[in-house]
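For clarity, chains are labelled A, B, C and D in written order, and residue numbers in each chain start from 1.
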Amino acid sequence: MPAGLFWFLAALSVLSALGVVVQRNPVHCLLSLVLTLLAIAVLFIGQDAVVVGFLQAIVYAGAIMVLFLFVIWLLNLPAESRPTGHLALRFFGAVAVAALMAELLVFALPARLQIRAAAHAAGYGSIEALSQTLFSEYLIAFEVTSVLLLVAVIGAVALARRTTAAEMQERGAADKAEIEKAA
Amino acid sequence: MVSLSWLMVLSAAIFAIGVAGFLTRRNILVMFMSIELMLNAVNLAFVSLGSRMGTMDGQVIVFFVMTVAAAEAAVGLAIIISIFRSRETVHADDLTLLRW
Amino acid sequence: MIELVVGAIEAILMVLIGLHLAIFLLYFERKGSALIQDRVGANRAAITGFGRKLGLPNLGIVNTLVADPLKLFTKEDFVPDGADHFLHGLAPFLALFPVLITFVVIPFGDTITVGGYTFNLQAANLNAAALYLLATIGIGVYGVALGGWASNNRWALLGGIRATAQMISYEIAMGLALVSVIMTYGTLDLQEMVRAQGGVWFGFLPRWGIFVQPLAFVLLLTAGVAESKRVPFDLPEGESELILGYMVEYSGGKQAAFMFTDFAEQALTAMMLVTFFLGGWQVPWLYRDGFHLPGGHLIAVAPLAVSLLGVVSFLVKVVVLCAFLGLVRWTLPRFRYDQLMRLGWKGLVPLGLANILVTAFIVVAAGGTH
Amino acid sequence: MNVEFAALALILVFPALGVLFNMFLGPRLGRKAVNVAGPGVMFLSFAVATVAFLRILAMPEGSALYFTLWRWIEAGQFHVELGLRVDALSAVMVMVVTGVGSFIHLYSVGYMAHDEDYARFFTYLNLFAFSMLILVLADNLLMMFVGWEGVGLCSYLLIGFWYTNPEFAYNGRKAFIVNRIGDAGFILGILTLLSALARHGVWTLDFAELKAHASMIGPSAATAAGLLLFLGATGKSAQIPLYVWLPDAMVGPTPVSALIHAATMVTAGVYMVARLNFMYMLAPDAMAVVATVGALTAFFAGTIAIVQLDIKRVLAYSTVSQLGYMFLGVGSGAFAAGVFHLMTHAFFKGLLFLCAGSVIHGLEGEQDMNKMGALRHHMPITFWTMLIATLAITAVPGFSGYFSKDLILEGAYESGHFRLWLLGAITAGITGLYMFRLIFMTFFGESRVEPDKLHHVHESPPVMTIPLIVLAVLAAVGGWVGLPDGLLWGDAFARFLAPVVGDFKPAVEASPAMLSAVATGLGGIGILLAYVCYLRMPGVPALVAWRAKGLYDLLLEKYRIDELYDLVVTRPLFFFSNQILNRGVDRMVIDGAANGAGLAVETGGELARRVETGNVQHYALVYLLGAIAIVAYYLYLVIR
């Protein structure tokens, strides 16, 4: 990928990521996050990971983030009055983050990344290549993931669905019985 | 051709930002978003290394990360909703019921 | 270098095509509806009775193509109190932009050779164009959603929520339909798909996708209409209960942008349908060297002419389809929201999955795509 | 020769089924079902036992039936099979247990007819039969011990059957605890034996193998093991010093007294000694102890029996006394005689108890002989059968007791224990005295029955009297299997057992006729005495009691053995437990440790819980620190 594009995307992603962290209004945070995701998606495509890049745009930006948006609306969240009150937390957090960053940078040093650059085979990053890998050596993981998704759906419904009045009543009755039993 | 190092640095930076966000924001939703940031930073690292090594594995893993992220978002948001229903707040330091 | 220039030109051309289609739809909105409802329709604005001097009937072309935009763009741009100014301004273009950039991957013609140069009549020849389509459409949601949210207005927010829910719901149906199509052609490249639709079966039947994937066609058609939030899926606007929904707080150019988005999406839907199912720029029985009529005899045509014929056929198909969509828009009544969702989740999605399954079986039975 | 005979398992299975049936279904299905099932299973296993017995008879002598269920314990070279074995000795025992047991079960149907808890009763009774059969069928010491404990448990359960009466429950516990003491000895005996053999690399508890390797045991080990095992026997078979529980055990239902505390369980000790004869032969000292204890027990118990007024207590002491006889027999090497007396005693003593039960039943639970008398007209069958049993126990020639007791005394004399023989002979007289005292006080003289009970004194129902008759026949003729040598078939019983318990080798010459004449004569004197004192001139006993008051009270209070134990054992034990163990060890050391631990944990928790702020972000921070540490470690790995 051309260097100029990379630097542009890098700046964009970092800035928008910062935006996620610093902005008060959840919706703005969300938009910054979407921007970051898209920038990263383009970074993927720039490295021949075309399919994954588009998937990132479709699934992440197009679906998951919309879900976030819905929740924000549903809870009708106001802009955050103040960041977390724990100054100690913020201080130590900052220190710890700096430390982590430093460590990771050491890893990122060119001297440390002695990875022999391999040429991309024809169709690298194409949907065929992805599918070949996915359905051959990662098949089990794939199936498990499908089950995971199913479970997640069920769990989400079970958690978020509003309990009906009848259920409320019988639950209350059960609690009363509990209390009486205890008493 | 951009050197791998810079990609790594970028990914590290985004990850750190995500961590910072998770540690300092009070709004659970935003903390959640910070988690997504971290995930994406890692994804970026995966794809970069994978493309450098010319293997598909990195991308496959990213694929899985996305799926898991989707599941996680669904359940996590559901939890947030039910929390909000019972506690009328999504501020992390108001949700300290599980304490001494 | 020259390819880049040409590519840019093609892109602009394509976008313009899209816009003009949108405008055509706007016109059809006015006059076509009048036709259907047995009204005269827009016929006031005429440039100093120019047409009438010539004794022509006033088709209202002027006021739809000129007066309406003029009026819209000269209206006051009003931002409600307490609205999020930045997002309120951003939203319409966030909605319009993705649609416009989507046009560039639609192939509107075969490769054409002019003066030794060979150009692919497709602005951006992405090898994962189908995914690109889905991606851009997915991003398109945000414009509407934020438009609704940023207006600081209950109706607008409701409209936005409706729109968002509807669009992501039907994106799934659309995606599934596309998956089956992709499986049939075994490629993500639209140009390839169109090429695959050349030739005939049984000597006369064009190899169009619609004959292979009729169900997918219906699915994509429905989903497309729903994506473009047109009747019978225009609940987000829902004049009767939400007074234009997410657009309620918009006026002037921004609203024009929103409306354009809808029309452009409709045009896009038409293009997609044409590309996937109606043989894109393919002309029945027309090959490189000319027409091979079912009878068997050949009418020779010059290569350049062939290419241009392709472009023309593409445009014709698209226009016809747009007209059809407009027809739909003025004939069907509006759904209720639960009906909409039920149709999307319990109707299209299962059908799409079943279609994928069947397609997969057939593809495998036919020995795979490679 | 040994033959595998799978049906042996059935002998155990039937009572086990009975237990399950009565326990789970009995209360639901009601009295009829239980009345059928309870005795039914016993008769079934009696049938199987008979088959086995007949096969034994058919086979050449010295042969045995065996059936190994499965390997129970395996530890290195040591292993124990759940094996059943029926040779001559255990055949006799099985016949006695199942046979007498069956009829007593049958009798119980009538006796418990008015009790609400019949299901529980028959559950326990079947369980007892099951355990007892394990005991006698076992082919190794450990399994025998299982049965040994099982019968102990059942005896406890049945003594305290009417547990609502605290005294009954107390007596149950007493029996149990006293037995524990003996059982401790039994276990130690087993271990001694095991270690003695293990020293020679023989790891076994199987009777056959033990017998085969008997020579390896060595006299000292044999003596130790013999004495320890005999301690167990004294517990189970109520010998000095552990006999105190048996008289108190009489508070249980009478069929229980008959079955457990007369016919079967209490004879387990005798059976054990006979079973291990080969070992006791190696330990003359142990044998002497056994014989002596037996003789003394016989004598003292007899003397106590004279003054008792409770009809069942009299029988209880007489049981103790008779058991003493048996031990005298086995102790002086006449194992066959001991087992023979065991068998006959099972017949007549079981019968005596059943008759006593019948009397008590007729008098609605009256046990005091002062409130009886002249019952022979009211309950003739009971009277006659009881008379037969009494004649048997007092060794009147021709009745079963005569033959067995003579053999024992003869054995005692001929083995050189002259004093013990004398004691036994005197006891024979005493036996006559107290038994006929019982008869006379119960069935003769003028009625002392309380008037309100008098009019509905009645003979027991057939279901009770039939067992009486059957046992009466056995009590009468049961002894004829062991006639004196030379007479008809001679001592067939001893010949039958010889392969298992060996022949009796007299050390001193004596004329059997002479000995039996002496014993019988003494018995006659005893009877005469009883006749005089309790029919002719009833004033005499009171006079004697008044004159020899000290002796009388001593007897009445059973030589104050209970008080002695209380003083020597119980009180010190209580003192030690309470002062040292409870106050000292338990409260201070153990409770202190426990509370201390709890306190430490609590305070620790108090401090540690402060970490749990409940704020996710704090946790996240710690988490992050951990991550940093891990990355740092990898960094170190990379850079190094």
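The definition used in the following text is that contacts are C-beta pairs under 8 Å (C-beta built on N, C-alpha and C of every residue); 3 or more make two chains touch, one makes a residue touch a chain.
Only a predicted model underlies this, so the values are computations on that prediction, with no experimental measurement involved.
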### Task
Using the touch rule from the top, work out which pair, A-D or A-C, shares more C-beta pairs.
A-C
#### Entry: Separation of chain A from chain D, taking each centre as the mean of its C-alpha atoms, in whole Å
80
### Task
Could you tell me the distance, in whole angstrom, between the mean C-alpha positions of chain B and chain C?
35
### Query
CA centre of chain A versus CA centre of chain C: separation in Å?
31
### Message
On a C-alpha centroid basis, what's the spacing between chain C and chain D, in Å?
### Response
102
## Note on the structure
Note: chain D residues in touch with at least two other chains are 615, 617, 621, 624
### Multi-chain contact residues (two or more partners), chain C
none
## Note on the structure
Listed in rising order, chain B residues that touch 2 or more other chains are 19, 23-24, 92-93
### Task
Determine which chains touch and list them pairwise.
A-B, A-C, A-D, B-D
## Note on the structure
Note: in the complex, chain B contacts chain D through residues 19, 22-24, 31, 92-93, 95-100
### Message
Residue numbers of chain C touching chain A in their complex, please.
### Response
84, 87, 127-128, 131-132, 134-135, 138-139, 141-142, 145-146, 149, 157, 161, 164-165, 168, 171, 175, 188
### Summary
Seen from chain D, its contact residues with chain A in the complex are 615, 617-618, 621, 624-625, 627-628, 631-632, 635, 638-639
### Message
Considering only the defined contacts, which chain A positions touch chain D in the complex?
### Response
84, 86, 89, 92-93, 96-97, 99-100, 103-104, 106-107, 112
### Task
Mind listing the chain D positions that touch chain B in their complex?
609-610, 612-617, 620-621, 624
